[in-house]
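In what comes next, subunit A is part of two complexes: it sits with subunit B in the first one and with subunit C in the second one.
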Partner chain A sequence: MDRVLSVLLDVVTSTLVLALVSLGLAVVFGLVRVINMGHGAMLALGAYVAWTCVNRGIPFPVAVLVATVAVGIVGLVFEVLVIRHFYEQPFETLLISWGFYLVVTELIKLVWGTDLRSLPNPLPGTLSVGGAGIGNYVAVISLISAALLTATALVLYRTDLGVKVRAMIQNRDMALMLGVNAPRMYRSVFAVGAALAGLAGALIAPMFSIEPDMGTLWLVRSFFAVIVGGLGAIVGGTLVGSGLIGGATVVFALFSKQVFAQTVVFALAVIALRFRPVGILGRR
Partner chain B sequence: MLRVTGVAAGYGRGVVLHDVTFSVAQGEVLGVLGRNGMGKTTLIRVLAGLLRARQGSVHVGDVDVTREAAYARAGHGVAVVPQGRGVFAELTVVENLRLGRMAAGRRARPGRLDEVFDHFPRLAERRKQRAGTMSGGEQQMLAIGRALMAEPQLLLLDEPSDGIMPVLVQQIARDIRAVNVDEGLTTVVVEQNVPMVASMAGRCLILESGRIVAEGTPDALAQGGDIERHLGV
Partner chain C sequence: MDTEVGTRPDGQEARPTRAGRLRALLSAENVIAVVLFVALFYVPYFLVGFPVYVLPQYMLFGVLALTLCLLWGFGGMVSFGQAAFFAIGAYALGVTLRDVGGPTAPWLGLLLALGLGVVLAAVIGWFLFSADVRDSYFVLVTLALSTITQVLANSESQLTGGFNGMFVERVTLPFGVVDVSLAGDLAAYYVIFAFTLLCYLLFRYIQWSAFGRVLVSIRENEDRSRALGYNTALYKTVAFAVSGGVAAVAGALYATDAGFVSPTLGGVLFSTSVVVWVAIGGRHYFIGALIGGIGISILSQTLNARIPEYWQLLLGLLFVVAVGFFRRGIVGTILELPGRMRSRRG
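On to the complex of A and B.
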């Protein structure tokens, strides 16, 4: 029974950690239809900014805040200088954001080097849940992820801003004719997506090695989570996709090595997309 | 209220509108008639700000809005009911109407929602229903209601009879006319349906190949043979 509960907790926390990492990508993709391949680099940048802050004596929570704002500003500048000229050109934005990924990753190598770095766990120890153990820090970032998903859902479904955003997704021209300032909204969404990537990078930094290419695997996993969950289904899709990619990896890893489990999950995701290209909760 | 002067517009290298000039007085209903492909929807897109005029100018009241984007024109009181209605299918009736109220900004008045429900009682009955599940006629009412929520000074309607059951077309025309009378709302209606426009508009233009080829009251255009000559009806 403890074993089952332990696996269940692993599934839930893996889902929520992946959802945390994927949310920024889902927000940008869902709202402005840009597949931001730079998301992985923004994640790594957030981790390095947090690492630098902590090593200069800044408390970890403040370091996370600094990383969030800093990467948000980087995203804003990228949008203003480059991306805004290419909206509604999906291939161009895909290539440009991949170029951004490469440039930022190389800049990270120039500034911080290629050595592996790590951050100490800010909340060591474990929490006992019904006899199963869960790391304190993993529990906290799972809660932060759940809170962010809830907040996003509340903004989308309970506020005027959310109505405007959903209108914009459905019919951009009509939303414009109703006074929705699309350029400003796109800019804000891109900056928020980048900030979420920075936040995620900073929060997962104590759990994994920090290295310049750390964003690659997370980019692939979050990309799969977003498209399997459903195009445009920002909150539900992210959660369902993260559950299928993150949670299923945990389950498959019970019977095989982690790498093999991940390969199986990606293969299953590709098959799922073959039969439902818009994702599980996506609408055409 | 609306002054269009020497407007030329098009897509890519193609020019659709040529030297279009007309004006609409405060509270007037102007009908713009024309067959398919004559530039009626392009004209609405230019007036709404979705398409930039290559030449000429557009004034709403005293404001030159020629270079303003669509969202900025909404701020000047331009409301649009586009062809196909443009309701947000995944949003509820009330959410669609809320978008109109947000467009009104400082012009928004308390009680406006009730006024719109008075005009269109069917919307009140279906306030929590998703717009995409409603009939074409109900969606048209919603699109007009949403435009009214924006407290417009100028209402632009593009083919309001499109996709509506014939039995409802005159009802929609009566609704538009009632709004015009009750609120003194300046209105431009682009249509192919001549009887519908004739029942609403005090004056009409006929567009052919992107140019204004005739102008006058519906009766004068009919008696002068312009409607038959240019529209084939």
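On to the complex of A and C.
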């Protein structure tokens, strides 16, 4: 029974951590239809900014905030300089944001070097949940992720801003005609997506080693989470997709090596994508 | 009635005159290609040592760029997974040499590389294209392909040597009566030169063939091509299979020439380097892709020694500029310069 509970906890926390990492991507993809390949570099940048802050003696929660704001600003600058000229060409934005990934990764190497770095766990120790153990920090991250998903849902479905944003998804031209300031909206959405990436990168930094290319695997995982979950279904889709990608990896890893589990899940995600391209919760 | 020029009654294009054919042969694209290959042919006459050792590897990178050019420039499909095929070919040869051995092992290895590349690409291609997976989603799937290849190459260490990579010897290819050993740098240079030339000619033939024209029509408007009765999924699958097969053979030759294969060869970063070469070189001309692959590799080699970080940074910026504002790429711009000047004057 304990074993079942511990696997269940693992599934839940993996899901929530992946959802946290994917949320920025989902927001940008779902709202302004940009496949932001730069997301991976933004995660890494967030982690490095947090690392620097902590090493300067700044408390970890403040470091996370600094990373969030800093990466948000980088995203804003990128939007203003480049991305805003290409909203009409989704495929070009994908390639250009990959260029952004390359540039930011190189800048990270220039500033911080290529050595592996790590952050000490800010909340060591484990928590016992009905006989199964779970790391304190992982538990907190999961709660933050759940809170962020809830907050996103509240903003989207309970506020004026949310109505405008959803109107923009549903019928862009009509929303424009009814007076939604689209350029400003797009800019804010992109910056918020970048800030979420910075936040996620800073938060996962103590759990993994920090390196310039750390975002690549997360990028692929979160893409699949977002797409399998469903285009446009930002909160629910991200949660369901993360559950399938993150949760399935945990379950498969019970029977095989971790890397093999990851591979099987990617293959399954490709199959899912082929038979249901709009995702599980998505609509055409 | 003029028998040489004019529209035929059945509406077919006019058969070109001899002068017209000559002019087509002397197009700027062909001139550049001839200059490039002649220059590559004479390199060992003037340079010795490192350039002769390293250029074949860059030529194979150029071939890898050609395979992406067929997909992207002609078929409109961007693959972030070409390095996966390259690495699969490299490992196929390496494993065959290690586990089979014997004088025919090199051929077996190359054949295995070709077979694996073609079959894998055909299966993946048909699986996706028959469901009309395209554009961004195709990129994501191929991105996953290279991620999976790198992860598997790292973890299946009994087969691939894992993280430490795998050493591959220089092979001797038996050609019936004569055996061609790639052990010497010069022999390896000319074998790979010949392979590169053959690949370039193959791709130009594909471009010229009916198949290539249908491929371009699919790039321009897939729905219309389908409405005209073409099985677009099949055409795209064949293009993907050809490009996967050639990439795998190039990878196998790379393995024996460089002597070493590591998992990063199949990874995302190398895969996207190929995209960068083709974008900067110019994706609408095979010669652009080839020059992009060879040229940027040479530049990377020389500049990495001097300004390693800044060069990669510059490359990233160039890529953004090429994709966003400068779509013809460098070679494409040069090739289209005369036409544009003419039209401006007119």
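For this structure, a couple of remarks:
Criterion: the second predicted complex is superposed on the first by the 284 of 284 C-alpha atoms of A that agree within 3 Å, B and C clash if a C-alpha of one lies under 4 Å from a C-alpha of the other, contacts with A are read in each partner's own complex, and residues count from 1 in each chain.
Note that a contact is a pair of C-beta atoms (placed from the backbone, for glycine too) under 8 Å apart; a residue touches a chain by one contact, two chains touch by 3 or more.
A quick note: this is a predicted structure, and the numbers were derived from the prediction, not measured.
The wider contact with subunit A, measured as residues touched, comes from C rather than the other of subunit B and subunit C. With both structures placed on the common chain, the touch criterion links A:181 to subunit B but leaves subunit C unconnected. By the document's definition of touching, neither partner reaches A:144: not subunit B, not subunit C.
When the two structures are aligned on the shared chain, A:164 is found in touch with subunit B, with no touch to subunit C.
When the shared chain is aligned, subunit C comes close enough to touch A:267, but subunit B does not. Once chain A of one complex is fitted onto chain A of the other, the partner contacts of A:86 are limited to subunit C, with no touch recorded for subunit B. Once the two complexes are overlaid on the shared chain, A:173 sits against subunit B while remaining clear of subunit C. On subunit A, the positions that touch subunit C within their shared complex are 35, 82, 85-86, 90-92, 94-96, 98-100, 102-103, 105-107, 109-110, 213, 216-217, 220, 223-224, 227, 257, 259-260, 262-263, 266-267, 269-270, 273-275, 277. Per the touch definition, subunit B reaches subunit A in the complex via residues 48-50, 69-71, 73-75, 78-80, 82, 86, 88-91, 95, 98-100, 102-103, 105, 146, 150. On the subunit A side of its complex with subunit B, the touching residues are 160, 163-164, 166-167, 170-171, 173-182, 283. Interface residues of subunit C, counted against subunit A in their complex, comprise 78, 127-128, 131-133, 135-137, 139-141, 143-144, 147-148, 151-152, 154-155, 268-269, 272, 275-276, 279, 309-310, 312-313, 315-317, 319-320, 323-324.
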